[in-house]
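Below you'll find the structures, each written out as structure tokens.
Each of the next two complexes has subunit A plus one other chain: subunit B in the first, subunit C in the second.
On to the complex of A and B.
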């Protein structure tokens, strides 16, 4: 075995061709996570009947499951019924060849919703109780209080944590490689299947993730300053 | 192909899968012990501002924190034999598990270094100065004054880290390690029932994560007694 940096370059180009998949997976799952996770956190904060109790039980449980199991379980649970359906309707192979990226998106988004809801909950809790009381005492409704007083403060707390969550999602999105989605890792590995240069391919993929995560970290610093400056 | 999910099979597959739990524990143990020791070295390199060394430590930490652990594992698996072969050591016949243990220790070191560093820096400078002023040596001041306070600050982060490390071990099966997930897949190949095994593994992960979280909440309360809030 030898190490040949030429193959790092070859794999790097292959990995970058699949960059959009990794970006799509991590950005969409972060956005969906915020869309689903914030209402969950609000339900728990304001003790909305049933929803709060259900979330209290479910979120710690779901938080205990590693991301790779979300991916594997959803992959199986979505594909198998579809297979059976396709078989009974004689759709042939159309569904089998369905782009698995939707399964990856579903798994990452579910995972991200759980993580982000915890972030938002601690952000809401970071705002002192007196702020809520002061809002209600001057006659603001709950919605007004949230929008004008609570959320601006909670977001300043949440932004660095959300950026961390985003970095976690960028790295976590590489796990969809186990269900054969061609993301950055998958692209790099596909190029190595030809040359058998696996070490070089992994290093190439690592470089791409490193740049992405370092960039996200930089962005986090800038956002933090902006939110702190208000 | 029978039913999609058969609850009875979850129980049937539980014993063989749980029997592989010790592999997961071994990875977590190596990762915590090796990671803490290496993390202390990295922190020392960063805090002492040794030129070159602190830059190297910062680069290492940034790389590990910026890349997926699954890739780091494979880089160690393919790269370490190559690097050691150059200096005349042949480890091509090593058990795969050793590579995983090393990879996770190396991975955790970067995260531990960050936790230790921010905890040590959170202790006000005046505490060390006061310790020196009453005649404690540098090491004594660190061990008796700074470390206990830093430990308390670090405890919540250490708890989260431990749970994350535990979750990260679930990726070792991609290298062919026969841990809980590897066993679930092996059963799946034999019986075409893979979902039941995954569900059982998920249950174990949930139970252990909840226990760890509860344990750390208790520890925080126990160690935090007598601290001014």
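On to the complex of A and C.
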């Protein structure tokens, strides 16, 4: 079977129909990652009792687990307990056909929280100690110092890295095909099930991811410029 | 005269190294106290203990009617002390995400709840006084070291604190920028604002100080009027230090 670019086009259309799933997965997990990861980083920075110690142990462990295992482990961790329930209520079919996007979101968000907390921790460490001291010397509390001075500066350090994290999440989200979520990769592959044009389908999917990541990269440049304006 | 700040028996160790070995200091209203001493003598640490940037191990602080033991100071006491004092740092430490005017306003608006319009007015007035009225919208990275330090002084003065602590305010500056900062400090002193200054600028100490404290090895060796300390030092250690400094810089005192 020779390469046929027509099938790239066919798969591309199929992939784009599932674009919203990839966008949803990567954007929601980035946002949730920031919401969960930033407090984690703050706990570690300020040595909040118990939380800091727990994070010190857990984050290096969680950082060492590949994303595909997050997806698989959460898939079973969430579905297994439901099995017994399904059996007693005769939900077997419902469960089989359930939209697994929530499992994908949970896995990607957990992964993203770990990554983003590391990004925010290094960003917080980049703000010189003198900035805290200046805040305290004019009578700001620690909370006020964080809100008014420290976090704005830390965010400026974090923006380029966060954008890289986001690009990683866009590409990483493709891994959810292992639990049969129809995202860009899943959509492209589905179109190839009929024609057996897998090479063309993969190339179509690659094109979509490349454009998404290039767009995120452009966005990063614009954000960086805005933060570097001072 | 009334005391603004009284410190009694401050002790502070970093690990096994005892930096302050029971230092006492009494600062009167409107006074300019200059603390001299070789590096490592504990001058900066003493200053930083006053507004709790370092936690002293022992000793007592009285500021106005508030008296606290350093070791037992609660969050509220610390905040109260910090809101009655201000500090000028060796490395300026301006908020790098804020303009000159915002730097001056921050402590007023956020910590003291002064209305923004009033704070802006006060910020502009203070910046004009340090000769930077035209730089109010400049970010710290756009200002020279001397200009940054003058903004820092404006930031401290605007808070109308009971005392301003100066921690080697000219040590990080290029030699040709030292003059402009000292001139601003002189103007602040003339306004009658109480100042405690750690510095190596002998001419400033001589001209402006009401009271000179000489520290060495974590203790106050000698203190008194500048004339006494500079011309008739009683302690051998003070003489040695002054000789060295004056030979090195050739100050005419």
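Heads up, the rule we're going with is that the second predicted complex is superposed on the first by the 228 of 230 C-alpha atoms of A that agree within 3 Å, B and C clash if a C-alpha of one lies under 4 Å from a C-alpha of the other, contacts with A are read in each partner's own complex, and residues count from 1 in each chain.
Operating definition for what follows: a residue touches a chain if its C-beta (ideal position, glycine included) is under 8 Å from a C-beta of that chain, and two chains touch if they have at least 3 such contacts.
No experiment lies behind these values; they were computed from the predicted model shown.
*Asks:* Would you mind checking which one, subunit B or subunit C, touches more residues on subunit A?
*Replies:* B
*Asks:* For A:80, decide between first (touching subunit B), second (touching subunit C), both and neither.
*Replies:* So A:80 only meets subunit B here.
*Asks:* Scan A:133 for contacts with subunit B and subunit C and give back first, second, both or neither.
*Replies:* A:133 sits against subunit C, while subunit B stays out of touch.
*Asks:* Just subunit B (first), just subunit C (second), both, or neither: which does A:35 touch?
*Replies:* Touch partners of A:35: none, neither subunit B nor subunit C.
*Asks:* Just subunit B (first), just subunit C (second), both, or neither: which does A:89 touch?
*Replies:* The answer is neither, since A:89 touches no partner chain.
*Asks:* Tell me the contact category for A:58 with respect to subunit B and subunit C: first, second, both or neither.
*Replies:* neither
*Asks:* Between subunit B (first) and subunit C (second), which does A:149 come into contact with in this model arrangement: first, second, both, or neither?
*Replies:* In the superposition, A:149 contacts subunit C only.
*Asks:* Does the superposition put A:141 against subunit B (first), subunit C (second), both, or neither?
*Replies:* Second partner only, subunit C.
*Asks:* Is A:68 touching anything from subunit B or subunit C once the two structures are fitted on A? First, second, both or neither.
*Replies:* first
*Asks:* Where on subunit B is subunit A touching in the complex?
*Replies:* Where subunit B meets subunit A, its residues are 1, 4-5, 62-63, 65-72, 74-75, 78-79, 81-82, 85, 163, 167-168, 170-171, 174, 181, 194-195, 198-199, 201-202, 205-210, 213.
*Asks:* Going by the contact rule set out above, which residues of subunit A touch subunit C in the complex?
*Replies:* Those residues of subunit A that touch subunit C are 128, 130-131, 133-141, 144, 148-149, 152-153, 156, 230.
*Asks:* For the complex, which residues does subunit C have touching subunit A?
*Replies:* On the subunit C side, the touching residues are 51-53, 79, 82-83, 85-87, 89, 91, 93-98, 106-107, 110-112, 139, 141, 155, 159.
*Asks:* Considering only the defined contacts, which subunit A positions touch subunit B in the complex?
*Replies:* 1-3, 60-61, 63-69, 72-73, 76-77, 80-81, 84, 167, 171-172, 174-175, 177-178, 185, 198-199, 202-203, 205-206, 209-214, 217
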